[in-house]
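One chain, subunit A, appears in both complexes that follow, with subunit B as partner in the first and subunit C in the second.
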Partner chain A sequence: MMSLIKHEIKIDESFYKVEEIRQLTRETFSLILPKARFAFKAGQHISLGIYGDYQSREYSIYSGIKDDHLEVLVKEVNNGYFTPKLRKLKVGDLVEIHGPFGNFGMEPKATETGKFVFIASGTGIAPFRSIARTYPEIDYALIHGVRYTTEAYDRNEYPGDRYILCSSRDTKGTYHGRLTGYLKNCTFAAETQFYLCGNSDMIFDALEILKEMGFERDQIHCEVYF
Partner chain B sequence: MSKNKSPHTDSLSPLSGRGLGEASGEAVGLRVAFKTLGCRLNQYETDALVTDFDKAGYQLVSFDESPDVVVVNTCTVTNQSDQKSRTVISQAARKNKDAVVVVTGCMANNFKEKLESQDNITFVVENNRKSSVLALVDAHFSGEILHPNQLPQDVFRYEPVQKSLHTRSAVKIQDGCDNFCTFCIIPMVRGRAVSRPVADVLESVRKTIENGFKEIVITGVNIGRYEDGETRFEDLLVKILDVPGDFRVRISSLEPDGFGDRFVELFSHPKLMPHLHLCLQSGSEKTLLRMRRMYDVGQFRKTIHQFRSFYPEFNFTTDIIVGFPGETEEEFHQTIEAVKEFNFSHVHTFKYSVRKGTRAERLENHVPEKIKTARSLQIRELSEENKLRYYQSLLGKIQNVLVEKATKTKASGYGDLYVPVEFQGKDIQKNTVHTIKLTGFSGEGERLVLVGELVGLCV
Partner chain C sequence: MKYHLITLGCQMNLSDSERVSSVLESMGYMHTEHEEEANLLGMLACSVRQKPIDKVYNKIAQWNRWKNNRNLVTFVSGCILPADKEKFLKSFDLIFQMSELAQLPEMIREYGVVTPAGLKTPQPVMPKNEHISEMWHIKPKYQSTYEAFVPIQNGCDKFCTFCAVPYTRGREVSRPSGEIVEEVRQLVCQGYKSITLLGQNVNSYGLDKNGREINFTELLRQIGEYGKISGEEFWVYFTSPHPQDMNREVIEVIAAYDCLARQIHLPMQSGDEHVLIKMNRRHSMDKYRRIVADIRELIPQATLFTDIIVGFSGEGEAEFQNTLAAMNEFRFNMAYIAMYSPRPGAASFRWENEVAPDDKKDRLHRSSEVLKIHSREYNETLVGKTMRVLINGTDRKTGFSSGLTEGKLIVRLDRRDDSLMGKIVDVKITSAADFSLSGKEAPLNLQASSPTLLHRRREQGNEDSEHFILNRILHVKK
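And now, the complex of A and B:
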């Protein structure tokens, strides 16, 4: 049985047509692709290429495992190589997907009883949306750090009491300031599992805070974007 | 296999003029030379190919002895390895203008098209088809036109290695890696993590022991992530240790994530040798995050303590990358402190080298070469100090040494702790294990060797 499941998530190098593009902010958009045979675990990422271009980049999967489509969330990076090209894609263009990759995420069984805190900066929210959509019953709090509250991508999908928006450059979030400022004043149950995703500086600072609070490193899982 | 063949324990091709066995196939008279660059896995794969060619009746020669076939098993882990691989390929081709030149290994994956366009190379064979190099060469000599792409893809099809090559043999249990550390090209050239089925591994272990090996090294790209159905790395290790026979087991390099107490306890098994090459890469938490490593220094420390509380002399060696993009003086200093604290008896130091297509290539604040060189030197000096201190701590202790080299009066090999030991003794045979009391040193720096007295013969 086990090997059957593994076989399903085997590497799949294939081209997918962009079905839809959702513009979320001026810089950030999501690409919606057919799901086809693509099987993955919530929290995993893919490597995305553009037809005819030799480069590729990693993107966390933004959709849930039972969704009809595969979706990724992309922020266009100024002077970046790849994201400006992704930005130019139109419906019907081909992208190449490798994967899924990575062990970021939890065993389905753990979602039934565990307590989770998700900490994301910017587009680092992507794997958590996948997890929240995959396991609607999961007990979590999502702390999302952004500059402006407009970057609270798809915030309406998260129950209000689970989503904490920390905005450093405007005051319309749950908390005004960096997410690490918010984190410092939190208390969490001892058995909480923490998942951190985004840039390495945020992850470093959050890790320090959590370790200082007495949490073991084994309870803290990290996905570093850059 | 006849008994008096010369083993070669480095990565050079076998010594001149000595075939590896009775020529049996159609290849009688054909001569093949090998050159291996890079890691232990590559060396194992070459050894298996050597075994294949030997069985098929090819004669093993060195590059200088007009081989008909030259196989270069390349490495691409750093710029330096690319450079070395290129040099070896051109030397091999220049010296042997009429030979069939086969280039395989990680560089063949990373620079396939470029290598294929070179006139001095006959065949470029990617890693996943490497195990079929003999079929390709045989086909060539029998006039059949076979393209490397037609070879079967199988990263585990290797024959157990013949005894004449080394004193210890690797057994490959796994290939590829899914970790995607930002500096590393390996996932691109070795592919995704795949595990060899348990039954195949055990069969390979049994055959390797039947072939006369007293020591096997469990090898792969990221062996800690071994997973075949319900069998994880520790479970596989137990099964390997349970294989009957008189042999010892070593683990090649290991990623320092995800061990439990059970793994530590396994080292109380007399067959499992108390040494691990645990790749720390950096002592700075920030650098480790930028590298996308899966552990932090605290977890690494915990692992080291766990082992040393059970086995105080346990030998740890490691890899360190210096000058990773953004590495500040402070971050480097943390690495220095970690190397001191963890008392690695050897540090394999790499200056960070940009690999095209990796995430680290695009990180900011690349460190100037001069600083990398200076940092690398500092770590090397520290490594030598650590080694001396560690070896000093072993004086008066006993090691069981598997003899790799022997003259009429002297022998040398590695002790249980994977420390090099020399001792005096008359007509000591290679591939025998001797109990040695450690009494002093010879050599210095990286070449420091323990010297001891023969106490008894084990096997």
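And now, the complex of A and C:
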């Protein structure tokens, strides 16, 4: 009698099909993928690869932990290797995701009593959108530095009194100038926890400003984009 | 049939190579030091810098030339960037990840090679693409009889911008704690004296299992408990911890158990806050400072080692001065100082490195000089003390042996006796140099005594060691 062998088919859970691409500006778009198959803390990042390509890059998760879709925010870098390839992705293409990674994520406990100031430059807003969508009730202010106000990605999702847009090259934001210029004139409660995300120059400058204001280094959490 | 294996890079690769050797010898291959006489040639590659990768390319070109006249099979494993992997596929006969090591015999057989063991015992075909745990089940062929490396974790999730390991070894995967403690137990039973737990970020051990595995502190505690009941004298080290996950509990556990060595390797990389951010190290200097303070408070006898990179992108003279200031603050016993070189595959490889080679050399020299001062000053405080030293080799000077203290300080012993190799002996320190100590065998030789008497004799302890031992003997006699 022939034995029946049942072959187990293993599906690699790290592959996700692109379900939608949201064009936010000429250079910036978000990839909308199926719901995350892993638990993550709002603010954490993942490693993103393209099926068939051997390179990968790290991206903060742009969606909230309970959202029906996993989303990442991407800005195309001129002459870059990876982002132009991401740009060419179409609905139905496969990407490979590993993670979540990092300690930048926000613990649910911390959200109950704290005061938070989120400071972002450009697409560095991604982890803060994830946090704001996950914990809309928390006491936060989001200071977002961009060149043009068109880069205020999904600004309508944030309550108007919590989102401060600093635009350096047009005057349509809350503040005209670099976000560090705005930051210098702010006052914050002593127990505030600061979360900084974006390019290293912005983080260095903001870090120094906050230290000069007397905040401890432990109150300042940094996630550098590179 | 003979094999020759070239291992490049770090202790992790060395540990992996011990398991590769074990698999090959179980197939009937015999090791040879001479690649010219081997039928199977393999390399464990390292992608940390370009130089070892260049070596892989040079070597395989040579081996492929030999193939014109000889029957050869070549393989490569280790830390390989995806881009190099694509190229290696064309040059090597076999390429595999450590997680596939259990399938290596099958791969070699599929290549048409019949080995003595293969003729006798058909090996079961292992399912492909199984987990790394299969590799950990392979008993390694340890290269030393007194010093062993035990992998506890593979991969890295930290994404430091200067490093490509997350892309070469993949995500952090922790080895089951039961296996680790058992391997340590077996090593101790076989007389091993120096055991190093290996991982890219040992203190995030277990975190990938989401509560289904103990954490690093608990792993150390279990090993410490075993050490306590074993009655043997041995030293357990770990490398490398990441300051981000290092906590006071780890240091408290080390303080509580004799077998957990008083030597901490805590990579700092830079003493400058901005450079640390650019390196994506995810910890502040304050955090590093607190860890060192905990070490000094809870295990004041511990030696402190570190890694430093000079000339990283964004490091100007002011930033470098902060590294020197940190070195002066922490007074490391040893620092592995490297001039920054962009590593293919790492994020910083895509950046412009604006620090001139001469500036890097200059910073390497200046930081080495600072290290030398601290190391020597510490070493000089040990002169006159008696220390436990693991003899691990012969010194270049005829008639002398060399060894390491528990704190991994190099000691030259004024006697050569091959029977001492791999043994821990008492050495009275007679002189100190920049990075080493010299000594003679201590007059009070308690090597044959109960190891429990010998425990707790830490360098730079409050008591003179000999006096301490006598007190312990009196105490036991009571």
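One rule holds in what follows: the second predicted complex is superposed on the first by the 212 of 226 C-alpha atoms of A that agree within 3 Å, B and C clash if a C-alpha of one lies under 4 Å from a C-alpha of the other, contacts with A are read in each partner's own complex, and residues count from 1 in each chain.
Here, a contact is a pair of C-beta atoms (placed from the backbone, for glycine too) under 8 Å apart; a residue touches a chain by one contact, two chains touch by 3 or more.
A quick note: this is a predicted structure, and the numbers were derived from the prediction, not measured.
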Side-by-side fit of subunit B and subunit C on subunit A, or clash: clash
Contacts of A:Glu58 with subunit B and subunit C, given as first, second, both or neither: both
Which of subunit B and subunit C A:Glu212 touches, first, second, both or neither: neither
First, second, both or neither for A:Glu137, with subunit B first and subunit C second: neither
First (subunit B), second (subunit C), both or neither touched by A:Asp161: neither
Which of subunit B and subunit C A:Phe226 touches, first, second, both or neither: both
Which of subunit B and subunit C A:Gly102 touches, first, second, both or neither: both
Contact residues of subunit A, present in both the subunit B and the subunit C interface: 55, 58, 81, 101-103, 200, 203-204, 207, 217-218, 222, 224, 226
Of all residues in subunit C, those that touch subunit A in their complex: 82-83, 85-86, 157, 159, 161, 166-167, 171, 244, 273-274, 277-278, 280, 282, 284-287, 314, 347-348, 350-351
In the complex with subunit C, residue positions of subunit A that touch it: 47, 54-56, 58, 81, 98, 101-103, 200, 203-204, 207, 216-218, 222, 224, 226
Contact set on subunit B toward subunit A in their complex: 178, 180, 191-192, 229-230, 285-286, 289-290, 292, 295-296, 298-299, 357, 359, 362-363
Subunit B-touching residues of subunit A, taken from the complex the two chains share: 2-3, 11, 55, 58, 81, 101-103, 200, 203-204, 207, 211, 217-218, 222, 224, 226
